[in-house]
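Input: structures, listed below.
Each of the two complexes below includes chain A, the first together with chain B, the second together with chain C.
The block that comes next holds the complex of A and B.
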C-alpha cells in the first residue's frame, strides 16, 4: 500500500516557503501556455465558425485560398448555368462571383499600415451569408465607391468609422456602414460592390464563386461535376470545409505556444527538481524510517512523484486561473486580437478563448512538469541506504 | 521443555570499508535469544552493538554467518521480502523517536498498519489500543512537535507495537530523554517483555537503563565478552 496522500499534501503545505517560488514559476509557465493556446483556439474557432453548410465555394484548381485564386468570367458563366443550382424568387441562379483584394490601411492608434481584405460582393453573395448582418449605417449602393466594414475591424484601422474613407487602389472608398460577422472570418473583411471593386482594381477576373445547390442532397454531385470538368479547372468544396481548412493562421501561434511551452517548462522542471531535491535532503531520516517500517522503494518513489506533481498542480491551477481572469477581462473590455493571415497576408481579427478544456490541459501540463521534476529526486530518495538515512540529522 | 530461541545468531561477521580501511564491526558473534527476554546490548562506541541490532532487525546484512529470527534466515531475503518481513515481525524504537512530523501521533502509529490488509475501522481500533497501552490515548491527534520528548518516544513505542510483532528492537531509546521520561519508557518496554511476552532487544550506554533488562550482553571490538 502506498503512503497516505495527506503525508504529501501536508509536506507541501508545511514547506510552503520553499515551495512557493516553484509554484509561482509553474503558474507563470502554465498561464503563458494556456493564453497562447487560447489565441490559437480563437483563430481556429473563427475559421470554424465561418460559412454556411448549404453553400459551395469554387476557386481555381491549385489555389488554397481565395486571395490567390483567379476565376474567369467564362468559368463563372459555365458554373452559373450548371443544373442543380438554386434560384431565387426572381428566377436568378444563386451564384455570387466575388473578388478578394488586399488593401493597406493606416492602423488606429499605432504607426504604420496593415493589410486588410476587401471583398467585392454581389447581392447574391449577401443572400448566401445570412450570418453577416448590418449593425450600423447602411449597406453600400451598387455602382458607388462605398464600403461596409466589419465592426471588429473598424476599431483597428483609421478611417474605418462610418463617414471615414480609406484608399483602395487609386480610389478612396467611403465607409457607410458596419456589419457583424458573428465571430466568423468575415469579421476581418470590408465589403463593397463586386463590379465597383473590379473597376477600381482594373480586374477582369474574379477570385471565387459562391453558390447554393437547389437540393442539399445534390451537393456532392455538383462538387464532383465541377472538379471533374477538365475545361473548368476549378476546385469546389463546401464553404464550411473550405474555412475549416484555413487554419494556417493559427500555425505560428501554435508553434510559438509549443516552443515557449517547452522552453519555459524546462526551467520549471529544474525548479521543481530543485525543490524536490531539497525536500528529499531534509527528509532523509524520515525516508529511512519509512523504509524500516516496511514501505518499499516503489512506494517511496510513488510518494515523491505524487508530492512533486501535486506541488506543480497547485501552480497549474493558479496559472490556469490567471489565464481565465485575463480572458474574462478581455471579454468584458471587448478587446479583439489581430494577427497576420499567412495565406492572404491580411490582418485577421479574432477573439481569444480560454475554455475549460484548455484550463484542464494547463493543469495536466503542470502535473507533467511536476512529475518530470520529481523523478530523479524520488529515485534518489528510494535508493538511500537505510542505515545511512537513519543516521542523517 | 525449553522454549525455542526466537533469535539464533551463528558466527556472525560484519565488515565494511571506511575509506581504504576494512573495519570489522562484528567478529564471529554467536547468540541465542529466547521469546519474552529483554536483552540489553551494551558496550563502548564502535563495539558493534548497533550493527548487531540492525542485523537482527533486518535493516542491515551480515558479511558472513547466519541470523535466524523466528525461523527465517533473514540474510537470505531480498530487499522487498525483507521490508515485508520487518513490517510483520519487528517493531522499532529509535533514539530520536523518528516520528513523521507532518502526521499526528495516531497517524504515525497507523503507518505500519497501512501495509497490512486491515480496513480503516480495524486500523483505528488497533491504533487506539496501542496509544492507550503507552498512556497516550488523549494525545493521538497531536503532532509530534506538540508532544514532549517522553510522549514522542511513547508514541514511537505504540507504533512499534501496533502490528503486534514478536520482536521489539530499541536503539538507545532513552538517549534523548530526561530521567523521568526515560524511566517511563523503560518501564513500558519491561512490561512488554514481562507481561505481553514480547522479545525486547535494547542497545544502551546507560547501566541504569540496563537494569530494566532480563539479560545484559557486553560487546567489545565486535565480540561478546563475558
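The block that comes next holds the complex of A and C.
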C-alpha cells in the first residue's frame, strides 16, 4: 500500500525552515540554467528566423560569413542568366547582388567602438526580404549617402537615430529611417543603396547574391548547378538553411549553460541529500511506526522519493518562474543583448527567450535533482530496523 | 578533552552530513573559481611587456577594410617608429578543418624580425624563412598539436581571401604570449591575389613606451583626410577593442557568479543550522554546566568555519588541479587559451569560503543564545 501524498506534503510544510533554503537553492540553480539556455535559444532563434524559404543565397566557397565573401561581376552575370530564375514584370531576373561591409561605429553610452554590418542592398533584394519592414522615417534614396538602420541596432550605437550620422570610409552617412527585421539576423544590420555602398568603399566585387527560382521545384536543381560548376567556385544554399547554420556564436553559451547546469546541480543534489537525510533522521520513530502499521519498505522508499522530488520541483517551478519574470522584464524594458558574432566579426543583436518548453525543461531538471538527492536517504529510511527505530528518541 | 578536539568530534559526529556539506561547498567554490577564471580569460588579453611597445594601425572604417600598401613609405619616415611590417590576417582553415583554429598572418619577413622581440627561434633558422618565399614561420604549440616538423607543408584554404597557399615550414618560434600563429610572406599573398596593392594592418614598434602616444598621433595624422584614414593604437588597446565587442558577456558571468555565491550560502547556512538544531539538548546541557555564551558561540563558529574552509580548499585546489591539468586549448579548439587559475582568484575563493563559514554560524548562534536551558533540555528534535 502506498503512503498518501498528503503525508509528504505536510512534512514538507512542517519542516519549513530547512526546506525553504533547499528550495531556494534549487530555484536559483534552475533559474540560472533556464536563463542561459534562453540566451543560447535567443541567438539560435535569430538565425533560424532569418530568410525566406523561397530564396537561394550564393557566397564564395570557403567563406564563413557574407562579410568575408567575394563574388565577382563575371560570376554575378553567369548566375543571373541561369535558367529557372524568377523574373519580375519588367522581365528582369530577380537577382540581388549585394555588398556586406563591416563598419566600426561608436557605442552609445559606453566608450569604444563596435563593429556593425552595413549591407548594400538593391530594390530587388528588398522585395526578396518581405520580413524587413520600415517602421519609422523613410527608405534611402538610390544615389544618396543615406542609410536605414535596424531599430534594435539604433539603441546600441551613437548616431543611429533618425537624423543622425556616422562615418563609413571617408564619407558620412545620414540615417533616414529605421526598419524592423522581426527578430531576424537583419536586426543587426544597416542598409543602404548597393551601388552607393560600392562607390564609398571602392569595391569592385560583391559579397553575395540572393535570388528566387521561378518554380520552387527548380530550387535544388539550381543549387546543384551552381555548386557543381567548377569555374564558379560558389556555394549556393537555401537562404533559411544558410542562416540556420550560422549558429557558432550560440555554441559557447550553450556549453556554459551545460557546464554550469551540471556543476551547480551537483551542489544542489548534495544540498537536497542533506535535507532529506536530516528529514529521515528526525522521523526515525515515525518510520518505525509506519513499518509496524504494515507499510512496506517499497512504499517508504517511494514516499521519500516523492517527497524529495516534490520539494525540488517547488524549487524548479520557482526558478523557472524567476527566469520568466526576468524575461518579461527584459521584453517590457526593450533591452537587447549584443555580442560579437564569431562568424561575421560584427555585433549581433538578439533578444533572449524563455519559452514554455525551456521552463518545463527547468522543472524536469529540478525533479531529477530531487530524485537523485533523495534516493540514498529513501533507501536508508526503508532499511531502518523496526524495533530500534521505535525505541529511538 | 581539549576544546579543539571537542569541536572536531562534534563536526564529524554526523560524518555523512559533514561530508555532504564539505562536498557541496567544494563544488560551489570550484565553480566560483572557474567562473572567475573564465571572466579573466575573456576580459584580459594576454599581456607582455613587448605588447606595450607595439602599435597596430588599421583602417579607420573597420578591421575588415584593407589599407593601401603604399602607406609603408610614409610610415617608414615617421620619427619614433623603429620597425614596421605589413600584418595581414589571413584566416585560413588548416588542411581539412572547417574552422580557423589558429591565426595566420602575412608579413614582410625581413621587417618582421624587428617586431618579434620576445620570442626566440626554437628550430630551423629565420634566414631560411626570409629566403624562401613559400615558407612559413610557425609557433611551437601548433607544431606540437599537429605533430609537424621542419620541412613539412601546411596547406590552408582561405576564408577571407579566395586563395589556398601551400607553405613549407622553415622555422619555429617559442616564448611569445601565443605560440600558435603562423607567419608567411606577404609577397606570396600578393602574388596569389594578383597584386591588389593592399595590406590588412600595419604592425610597428616604438623605442620606448613613453613615445608610443606621440607615434600613434603622428601615424594617425599622416593619413588624415586621405582616402584610407588609419586608426593606430597599442597592441593592448587593439585587443581590448575585441573584448569590448563581446558585449554583455562580462555582465552575464558576473551575475552568474553572484548567484553561485548566494546558492552556496544557502546550502551552508541550512546545513549549519541543521547541525545546531540537532544538538540543542547538548548545548543546553553545556549551558547548564556553566559554559558561557561566548564559548558556545566559538564552538559553533569553529565548526562552521572549519567545514566551510575544508570545502573551500578542496574546491579551490580541485579547480586549480583540473584546469591546470587538462589541455583546454585542445578541448575547446583554441577558444580558451590559458585559463590560468591565478593566486588572486584562488584567494578570492578562499575569502568567500571563510566569509561563508562566519555567516553560516550567525543564525544558529542567535537561536542558541535565545533559548533557555530548560527549553533546550526539553527539545526532542
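Here is the rule we go by: the second predicted complex is superposed on the first by the 391 of 393 C-alpha atoms of A that agree within 3 Å, B and C clash if a C-alpha of one lies under 4 Å from a C-alpha of the other, contacts with A are read in each partner's own complex, and residues count from 1 in each chain.
Keep in mind that, in the parts below, a residue touches a chain if its C-beta (ideal position, glycine included) is under 8 Å from a C-beta of that chain, and two chains touch if they have at least 3 such contacts.
Quick caveat, the model's predicted, so the values are computed rather than measured.
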Contact-wise, after the overlay, does A:101 reach chain B, chain C, both or neither (first, second, both, neither)?
second
Scan A:386 for contacts with chain B and chain C and give back first, second, both or neither.
first
Please name the chain, chain B or chain C, that touches the greater number of residues in chain A.
C
Go through the superposed model and pick first if A:297 touches only chain B, second if only chain C, both, or neither.
first
Using the touch definition from the top, say if A:14 reaches chain B (first), chain C (second), both or neither.
first
Classify the contacts of A:289 with the two partner chains as first (chain B alone), second (chain C alone), both, or neither.
first
Just to be sure I read the superposition right, which of the two partners does A:4 touch: chain B = first, chain C = second, or both, or neither?
first
Going by the contact rule at the top, pick out the chain A residues touching chain B in the complex.
1, 3-4, 6-7, 10-11, 14, 285-286, 288-297, 386-387, 390
Chain B residues touching chain A - in the complex, by the definition given at the top
54, 57, 59-60, 79-80, 83-84, 86-88, 92, 94, 96, 98, 100-103, 107, 111-112, 114-115, 159
For chain C, which residues count as touching chain A in their complex?
16-17, 20-21, 23-24, 27-28, 30-31, 34, 38, 60-65, 91, 93, 99-100, 157-160, 162, 227, 229, 240-242, 244-249, 252, 256, 259-260, 262-264, 266-267, 269-271, 273-274, 278, 335, 380-381
With touch defined as at the start, can you tell me which chain A residues reach chain C in the complex?
17-18, 21-22, 24-25, 28-29, 31-32, 36, 39, 60, 62-64, 67-68, 70, 101-104, 107, 110, 112-115, 167-170, 201-202, 233, 248, 252, 256, 260, 263-264, 266-268, 270-271, 273-275, 277-278, 281-282, 337-340, 345, 347, 393
